Each structure stands twice: as structure tokens, then as C-alpha cells.
Amino acid sequence: MKDSAMPANVPVLRIENIKKRFGDKEILKGVSFELNRGDIKAIIGPSGGGKSTLLHCINFLTLFDEGHVYLNGIEIDHANKRELYAYRQKVGMIFQDFNLFDHLSALQNVQIGLVRVKKIPKAEARERAVAELERVGLKEHMNKYPAELSGGQKQRVSIARALAMDPEVMLLDEPTSALDPELVGEVHSVIQKLAAGGMTMILVTHEIGFAGSLAKEIMFMDEGVIVEKGPPRKILYEASQARTREFCDKIIHFHHREDDQE
Amino acid sequence: MHFSITAGLKAVIEGLPYILGGVWVTLVVVVGALFMGLVLGTLLSIAHVYGNRVLRGLTGLYVWFFRGVPLLVLLFLFYFGLLGALHLDLSPFFVSIVVLGLISSAYQSQILRGAILSIPEGQLKAARAIGMSDTKAITFIILPQAFRLAIPGWSNEYTIIMKNSAVTYALGVAEIMARANHVAARTYQHFWLYLLAGFIFLILTYAGTKLLGLLQKRVAIKGYAR
Amino acid sequence: MSEFLFLRNEVAPAMIRGVWMSIKLIVPSAVFGLVIGIITGTLRVYGHAVLKSVANIYVTLFRGFPLLVQLYLWYFGLARFGIYFSPYTAAVIGFSLCSGAYHSEYIRGALLSIKEGQMLGAQSLGFSKTQALFSIILPQAVRRALPGCGNELIYLIKYSSLAYMVTCIELTGEAKILASLYFKYMELFLIAGAIYLFLVSIATWILNHVEGWLAVPGFEPPRT
């Protein structure tokens, strides 16, 4: 995985025909797509459609049965542990329920990967961790423990933790779905800042409006396949597949009704 | 005196009826201590939760003492020391029940105290609101709830007393361990006989926890769990 | 002999000898027990199926047998097979293995109480499983297990008195010998009891402080 000799036209991340079954339930039935540098793609779709599993598979946190994952054109062999750990540093993962390390302060949460995985000296790692926390607006809370932070703050720490590893791609698995509505905004604005900085991202979300404003492409996923993909406007309002239309209509309708009530 | 399973098995089979006779002794000691611990422990826990500062201090001291001094020391202290000083002549069997019961009351009071404290304050208020005295409220409203919550703790307490009861052999109580020892002294098959004793205790412990598990199910109230 | 001289010339030296012996029993047993408990507890959660069942059997047996039975097995039982331990060695082996089984239970429970996401979070940053175990999972598990393991250490102090039953003369043994010699049971067992109370109280105080130092806001295990 040397970035230097990379031809410009090779996608940063390429997913090829990923299949995954749990027991006799086929969760992913062959999913493929690619991501160029700076691309932001959103995945939407009903719950249980395989979106989260897909992100976990891309990070090899869930091992898939068939398929390939390429970073900068090189296939990742998860059996090669050294390669796998290096790959995971390059691919930042944001979880629905944050998964902050509960026994470490915000600062230590960001620092520990730098110290233990990247083997950066403690003082230097600390400096970097502080900078990352500042980037997500949490420098003044850096000595607090997860239990002392709000959900939005926790998710911002987890974003800082992933950013500290210098990822080339970020996978965001419903980053705001566990948050109270009033805390969603702060996390969205951090993600927007990342986007403005040119970060390559895959965003799984139920927030269609946010997905539409951020992503250049939306993929609609249901029953283990990508049913349809295209620019936000097309997917949200002029989808060609009935399933997509039905889903988007329901959600857009729901949102409008909510707006009416406000 | 060499490694011989057949000789060991022979001793185990021959000694079994005699050793199993000790099961009753052990059971009486354990159940007696558990019961005595329950009665005293309940009083102690009530005194600790609802008592004034003096009562609270005294129960605290009691719990501290009986949780801090080893069983063997207490057995010796009571049997050789206290009986002598009071010129009493009580059997080791009786003294064992009392000592195990006193220790258990300290632990049980802690279990029950935790259970009482976990019951919402509104329960006591509601009982007072319908005109109950505090004694009645504690007896009819608080304790029935607390006892149910305390069953898992008791189950644990039972296993501890069961295992500790082997120590009463030091006073010469003819329980399982003492009897295994008698047979061992005669047959020289110590290893196999202690192993047998160990398994008998294991079975008694297991059976008791199962029984208390059943009790817990029987007295369970639908939707009442904390 | 006056009471004072009796105390100074007979009781004090015996009690000091006894306490020293008790400490020599307790400290190594505590350390070995904890090591055994951490290893077997971890194996029971993360270990290979065979190791897992071996560890499970160990815990069932050593938690199920009364400690006195275990001590007798080590000291008298094995002697019949030509395996001779000194009373001291037999006691330390007995205490360590029994204590280890109880620690194992607390460690296992603590490990199981840690959410799966902690491992996922670490792995997503590029931690290996072993790295994650040592820098994320175990530091949390130790905190969760501390109250239970601390209790077990307190129990160990008290159970060390059973060493007397396999003729290792520690605090209880010294008291018993002197008491029988001078027929002063009440006094000597009260003194021995007071010393145990002192040891237990000190240990409790230290453990509370350790828990305090290691405390992480919002991470305290449920206390009773």
C-alpha cells in the first residue's frame, strides 16, 4: 500500500461483489462500488437492508463470505494481519453507538491509537490528539470521560479518534441515529467540515436531507443489493425503481409533515 | 500406600454409608445456621436501615466483627474460650450452628440491607398514607419485597456456609469431613476419601442452589423484578 | 507470672511469629491466585474450546470443594502417593488454587460485561486483538472485577487460618498452642481475632483506595 506510485485514475476504495450470509439469511447479495479520492457517497435504505453489515465488512470487522476489497488498487488480504491493521488505519470507522473506550478520557481515547498502534511518542501523540479534538470543537472537554459527555460530544470524539489515524477514507455508520434530535446538528456540522476539507467518505444514514446536501451520489440499498444509484435529486425525486420511490416518498413525506407541524 | 485406584475405590465404597450419614449432620448445621442467620440478619438489617445513630453504630460494629474474624478462630473462641468462661457445657454441634449462624447473620444483614434500600421510598410512604404504623409497613410491605430480592444473595450465602461447615470438623462435629477422615485413618486412602467428601459437598451445594432457584421462581411476582 | 510479663514474654513473640507466618501465607497466595484467576478467567472468555472447558472444570471443582477438603487433599491426600509437600507449601498451593478459581469467576464476569463495541472500536483503529485485549479490554475488566477480587483477597486473609489444620503454625496455630499450654483460650483467641480484624480492616482500606485511584467517572461497577 504505497500511495506514492499510485496512478491518478485508480479509485481509493473499490468494493467488488461482497456477499455475506448469517445462517440461511443472505444479508449481502453481491455489492460492488468504487470511491475516488474526494468522493462522498451516501447509502440509504430500510433497516435490515444490509447497510451496516456492508460498512462492517468493508472494515473486515465482519468477515464476508465472498468478494474483494481494494485500497488504492491493491487487494486487502485480511489473513495478513499486518496488512489488515495498516488498512484499518487508512479506513476510519464511525459507529452508530460511538464505541468510545469507556475507561479513557476524551483525550486518551484519541491518543491511544497513536501511541499503541502508530507507536508515536506520548508527548507528540498528545499534541496531535489535542489538535484533533480542537478540530471537532471539544478541546475544552478533553479531560472528560465518555460518561460525562453528551451523545453528540461522544460522536465528535469518535470522529477525532478516527481522524487522528490519518485515514484516507471514512466510513460513517448512521453517525447520528443514536442521538437526541437537538444534538444531531453539531455532528452534522463536523461531517460537513470534513467534506469541505476533501475527505473521501461513505455515509450510511436515514437523514435524507443531509445525505442529499452532502453526497454527490446516493445509493439505495435494500435486501442485500444496491437497487439504484445516482445523483441525490434523481434518487430522491425521480427514482426509476419502484422500491426506491416508495422508500423515498415515505421518508420525504414524513419529513414534510414534520416541517408542517413546526 | 501406592497409587491404587482399586484400594481407593474399595475404601470409598465401604466408607460411603458411614460418610453419607454425615450428610444429615452437615445439613442440620447448615440449615440451622442459615435460619439463625436469617432471623438475626433481618433484625440487624432493620436496625441498620431504620434505627437511630446508636443502633446503626452497634450493628455496624457487629457486622465488622463477624465479617473480620476467621471462622476457625471464632469456633475456638466460642467453644474453648466462651464456654469455659461461662462454665457452660454445650456440644460442639450446637456451638458450630451458633457460630456459623452469627457469622451468617452479619452477611445476611448486608444482603437484606441492600435489598431494603433498593425498594423505592414511595412504598413506605404509600403504606403510611393508608394508616399503617412503621412496624406494620416494614413487616407487610417492605420485607416481603426485600426477601424476594434477597434470594440470589441467600443462594450464595448457602453455598458459603455449606463449604465452611467442613471447618466444624475442627471441633469434632461428626459431619462429612470428619467421617471421611475417620475412614481415611483406618484405610489409609486419604486422597480418595477426601475426593469423595469434596464431591458430596459439591452436590449438596449444587442441589441447594437449584432448590433456592425454584423457590425464587415460586415466589416470583409477575413483572416484579429489579 | 504476672499478666504483663506473660503478655510480653509469651504472647507477643508468639503473635508476631504467627502474624509473620500468616503474611507469608497470604501474600504469595494472593499473587498466585490473582495470576491464576486472570489467566483462567481470560481463557474462559476468549480461549480455545478445549482450554475453555479445562478452565471451567477447574473453577467448578475448586469453587465447589470446601477449602479445608482441598488443603487435606494437597497435604494428606497426595502424601499417600509419595508426593510430600511441607505444610507451608501445601497451604500456599491450596490457597492459590482455591482463590484463583474465585478470581477467575470475577474476571470472567467482568470481561463478559464489557460491550462488544469496545473491541470493534479498537479494531477499527488498527489494533490487533491482543493489543485491544491488553490496552482496552483488560484495563476495563480489572476495574469491573476489582470489588469482587478485593472481597476474595479479604476472604483469603481469614481463610489463611485454615493452614493450622494442615499443621502450618500461623497466627491461629500459635494462639491455639499457647492457649492450650496456659489454659487461656478466651484471651488468646480474642487477641488473635483482633489481629485478624486489624489485617482485614487494613486490607479493606487499601482496596478502597485502589478502587478510588482507578475510578473513572461513570464507569463504576454497580455497588451494593
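Residue numbering begins at 1 within each chain, and the chains themselves are lettered A, B and C in the order written.
Here, a residue touches a chain if its C-beta (ideal position, glycine included) is under 8 Å from a C-beta of that chain, and two chains touch if they have at least 3 such contacts.
Note that this is a predicted model, so its numbers are computed, not measured.
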Look at the interfaces B-C and A-C and say which one is made up of more C-beta pairs in contact. B-C
Going by CA means, which chain is nearest the middle of everything shown? C
Chain centres from averaged Cα atoms put chain A and chain B apart, in whole Å, by 56
Measuring from the mean C-alpha position of chain B to the mean C-alpha position of chain C, what distance in angstrom results? 21
Distance from the mean Cα position of chain C to that of chain A, given in whole angstrom: 47
Of all residues in chain C, which are in touch with two or more distinct other chains? none
What are the residues of chain B that contact at least two other chains? none
Per-residue multi-chain contacts in chain A, two or more chains: none
Touching residues on chain B, where the partner in the complex is chain C: 1-3, 64-65, 67-74, 76-77, 80-82, 84-85, 110, 114, 162-167, 169-170, 177, 181, 184, 188-191, 194-195, 197-199, 201-202, 205-206
Contact set on chain C toward chain B in their complex: 60-61, 64-70, 72-73, 76-82, 158-162, 164-165, 172, 175-176, 179, 185-187, 189-190, 192-193, 196-197, 200-201, 224
Taking the complex as given, what residues does chain C use to touch chain A? 115, 117-118, 120-128, 131, 135-136, 139-140, 143, 216-219
Can you list the chain A residues touching chain C in their complex? 56, 59, 61, 81, 85-89, 92-93, 95, 97-104, 112-113, 116-117, 144-148, 158, 161-162, 165
